[in-house]
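Report on the structure given below.
Chain nomenclature is as follows: A, B, C and D, assigned in order of appearance, with residue numbering initiated at 1 for each chain independently.
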Amino acid sequence: MVRVKKLLDDPAQAVTDSLRGFAQAHADEVTLHEDPTFVVRASGTPPGQVAVISGGGSGHEPLHAGFVGAGMLDAAVPGAVFTSPTADQVAAAIVAADGGAGVLAVVKNYTGDVLNFETGIELAQAEGVEVSSVVVNDDVAVEDSLYTAGRRGVAGTLAVEKIAGAAAARGDDLATVTALAERVVSRVRSMGVALSACTVPHVGRPSFDLADDEVEVGIGIHGEPGRHRVQASGALDITRRLVEPVVEDLDLAAGEKVLLFVNGMGGTPSSELYVVYARARDLLVERGVEVTRSLVGSYVTSLEMQGASVTVLRLDEELTALWDAPVRTTALRW
Amino acid sequence: MGRSGPDDGATLVSVLDVDWAERWMHTAAADVAAARDDLTELDRLIGDGDHGVNLDRGLRAVAERLGDPAIAPRETVGQVLRLAATTLMSTVGGAAGPLYGTALLRASKVTDRAVLDASGVVALLDAALEGIVARGKAASGEKTMVDAWQPAAEAAERVAGTTDDVGDTWRAAADAAEAGARATIPWVATKGRASYLGERSAGTEDPGARSTAIVLAAAVRALQGPGA
Amino acid sequence: MVRVKKLLDDPAQAVTDSLRGFAQAHADEVTLHEDPTFVVRASGTPPGQVAVISGGGSGHEPLHAGFVGAGMLDAAVPGAVFTSPTADQVAAAIVAADGGAGVLAVVKNYTGDVLNFETGIELAQAEGVEVSSVVVNDDVAVEDSLYTAGRRGVAGTLAVEKIAGAAAARGDDLATVTALAERVVSRVRSMGVALSACTVPHVGRPSFDLADDEVEVGIGIHGEPGRHRVQASGALDITRRLVEPVVEDLDLAAGEKVLLFVNGMGGTPSSELYVVYARARDLLVERGVEVTRSLVGSYVTSLEMQGASVTVLRLDEELTALWDAPVRTTALRW
Amino acid sequence: MGRSGPDDGATLVSVLDVDWAERWMHTAAADVAAARDDLTELDRLIGDGDHGVNLDRGLRAVAERLGDPAIAPRETVGQVLRLAATTLMSTVGGAAGPLYGTALLRASKVTDRAVLDASGVVALLDAALEGIVARGKAASGEKTMVDAWQPAAEAAERVAGTTDDVGDTWRAAADAAEAGARATIPWVATKGRASYLGERSAGTEDPGARSTAIVLAAAVRALQGPGA
């Protein structure tokens, strides 16, 4: 194991160190619980309101802890880097977040996350908390099939969390919040590209090797290699490779309204994300699709990976209103 | 299976008691720690590069908790395995945490005895395999740890009753797990993270199958006492 | 010139492409003017309110255009990558931003910025606009002397813009807004470190070469090399090298209250920034300094450079209140 | 200065008219374009790596605008320089934009004639240098473009009146600028971006001094007509 050049001390403590800094910097907004580790709103879930929680491996910041706050998540459960949290963390976060109206758990579709959330939910239910869950699987890079692990959950998770959180904040009950989250899951698709790999602190070497003139198309958010490599080309060509599979999978028709979310993988300057946004928007407009809502930024990341993903959410009036609803978290606010 | 022949260096007849169960876990912890970077490298190639670190963190915690006699009673093999299972579940995370945790938890339920005989070994491995399949829903051939656990359970079943030494049953299981893990190398994964790579997952051994081979070999290494 | 792996098309058009995407994604909040290039608030400067503007080379996003909005900047003037804008851009932005109560220009201390703003301000004054300016020079890595170009303006610029913008928003006149900006300049200090260099698109190779085990201490925000190189070590050691010169230059005493701002250089994951924040906070607390306000994020960047800077602002009651005042820009909002 | 001797290949006596001034700018644009990556490399080493691109962008625009006769009158050398100055000011940015812009703007004010004599060259260079110093406040020896402009102006002053060919005055100026630029190599910068490097700025030529040498050499190259 090589010592990697990162602003960290002991790699085994990096997640905890970082969460402590996060909680100190935002003490008005979040509270860190340790043993087991989870983050909750400093003011707690408003009594009688459905709580929305999520979690997963660390290394995707600000997802999920950065989305804890009014109008989005009531708790986040961070695991080790790229490793889903354990079931007892999940259970403790559910119990802590419950405001008496039940808890929706937003789970990204990875074997580890699904298994640990399943167990954690059972444990919390055994303590009398009403819990439902949705599994986000927006990554069109992965073939979906009954016989595989299915598609991964990637940047579309942000939309599920935002909209479920807004529904909870306006007072919807657990069944309604869950149904809205499912609605987002069924309408959101993403596709990503990496220009460089990332290095997991305790691994000490890049998660894959890429030549100077190659990009990796169809990457997930765990530094895993993608489906294929292509010669690096300009933003337009690369963006096309992201937008087309998304549009096709969603079967978007002219006249439809969408949210266009261009997400940075962690090491990409926002200036480049805005170029991708401009290209993606043009490609959608060419097909007659109307971009009525936009988000651009590094929100669902893969450590310091360079690259971006394009997420498209098919909007309707209710989803648009919930997207627009106020949100006050450390990473997303309007 | 050559190791189970009559010329075998192991002259003591194996005893699968509580001490053995504790030694198994300590040996597994040591062996996984030694293989940590190799496991991580396999997972880096076709997964997300954390399997070695995950399992090492968990087994380290198991070894530590076993070292504190106050934590739980150790009157049966099952009690040792239960302590290991709950520790793994609360420290590993990822896919491997619940899978190994469930395997050992189910195994603990069928081993609530002070000493195991050969049929006890078969029951242990069968229960573990069932737990993994119940959780992960992978069939054999999908390039997961199932491909090491399943041949191990089958081999134990075959060998149990054909020899007087319960150690032979374990040796057969461990050898089968080893062969099963190696067999995954050319396969294309259809479960777990490696499945995202499609065809590109071929050519690398499944990390979870490899760690299973290590953990089951540790049960054999634990047979002949602390110094073995 | 090598083709670099970036999400860009023609490097000569990259700034424009990116600004267009930015303006499209945030059409409700900002308007892009081209020929000459500048960005203004979509709703304009409220009549009778002092306008605060800033600008400089591109590549530092979200600085400055990301800070255009209520409570911060009324206009931003982006130049080419790492190249100050031209005087005619500055003049046009000043004239466009003027709401009738005069304009404060916040200038980072670089020869190019100072010269172009000087001329631009003269041109705008010739058109009858009342204009004042402040020059930000918070980088303690550079020796300050009458006989040199003086210290650079780096991440502390954000604090000047935020507080001047808040003063303008509450109705202060130009002299008062300017004096408050000067007050921030006199109380804010920064120091940065790079773990990797950045690559200017049209240059096509890294701005400096760094061995795998080296970090560059005392870097600015233009990919320029720093003052010295040291062996890469952990977050604590590196943070100490940033905090100590800042604290010494400010001559901070026990009991003083400060804003602690940990800034990412563009390619550093926020998880690492929070570790630096935790370390910096500990180092300040050890000296009896009270961290009463905090900001952590990649706000004043150097393309995709990996690294961070620590900025400390000595607070008083008025500055704290102005820091806390509402801000609604695309990159900073509360 | 060898180039100004009696054996010099240039047999025509130089004429510094409006055509020359236009040729100067076109030649400078071509030469800076050719040297763009070298200038950028110097600036990458001790600055921010944009000087070549900045000046190339500006001189390209100058050449383009000179190509459109409708843009401004070209009856005097000064009018050509004024057009170049305002174009540089609005396209270059950075430190070099206002410095070169001011230099040419001031030079344009003392060259409002159809043809320059040797004293006109001296006046042009003096005015340019004064403009740069007024803006940038650098003294000689601070490792900036001043260290090329100042010896150029001084050399012109020395040579003017000692020869019949105004070209000799320019040649002296260009040679002095070249020597001045080279002299900056070992120096430690105290103005401009390179000053942030302190001692580490020694060993690299100042990019602005180098570009000055190129631009003044272009004035010489422009002497003998478009084909020179």
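Keep this in mind: a contact is a pair of C-beta atoms (placed from the backbone, for glycine too) under 8 Å apart; a residue touches a chain by one contact, two chains touch by 3 or more.
Just so it is clear, the structure is predicted and the values come from calculations on it, not from any experiment.
Touch-path distance (fewest steps) from chain B to chain C is 2.
Mean C-alpha position of chain B lies 77 Å from that of chain D.
Once the centre of each chain is set as its mean CA position, chain C and chain D turn out to be 33 Å apart. Between chain A and chain C the centroid-to-centroid distance comes to 29 Å (mean Cα coordinates, whole Å). Those residues of chain A in touch with two or more other chains do not exist in this structure. Taken pairwise by the contact criterion, the protein chains link up end to end in a single open path, with no chain closing the loop. If you check the complex, the residues on chain C that touch chain A are 3, 5-10, 14-15, 17-22, 24-26, 58-59, 61-62, 66, 195-196, 212-213, 215, 232, 234-236, 238-239, 266-279, 281, 294-296, 301, 303-304, 306-308, 333-334.
Of all the residues in chain A, the ones that touch chain B in their complex are 1, 12, 36, 57, 79-89, 110-112, 115-116, 118-119, 141-143, 147-149, 152, 200, 202-203, 205, 207-208, 220, 222-225, 227.
Touching chain C in their complex are the following residues of chain D: 37, 40, 44, 47-50, 53-54, 57, 89-99, 135-136, 190-193, 195-198, 200.
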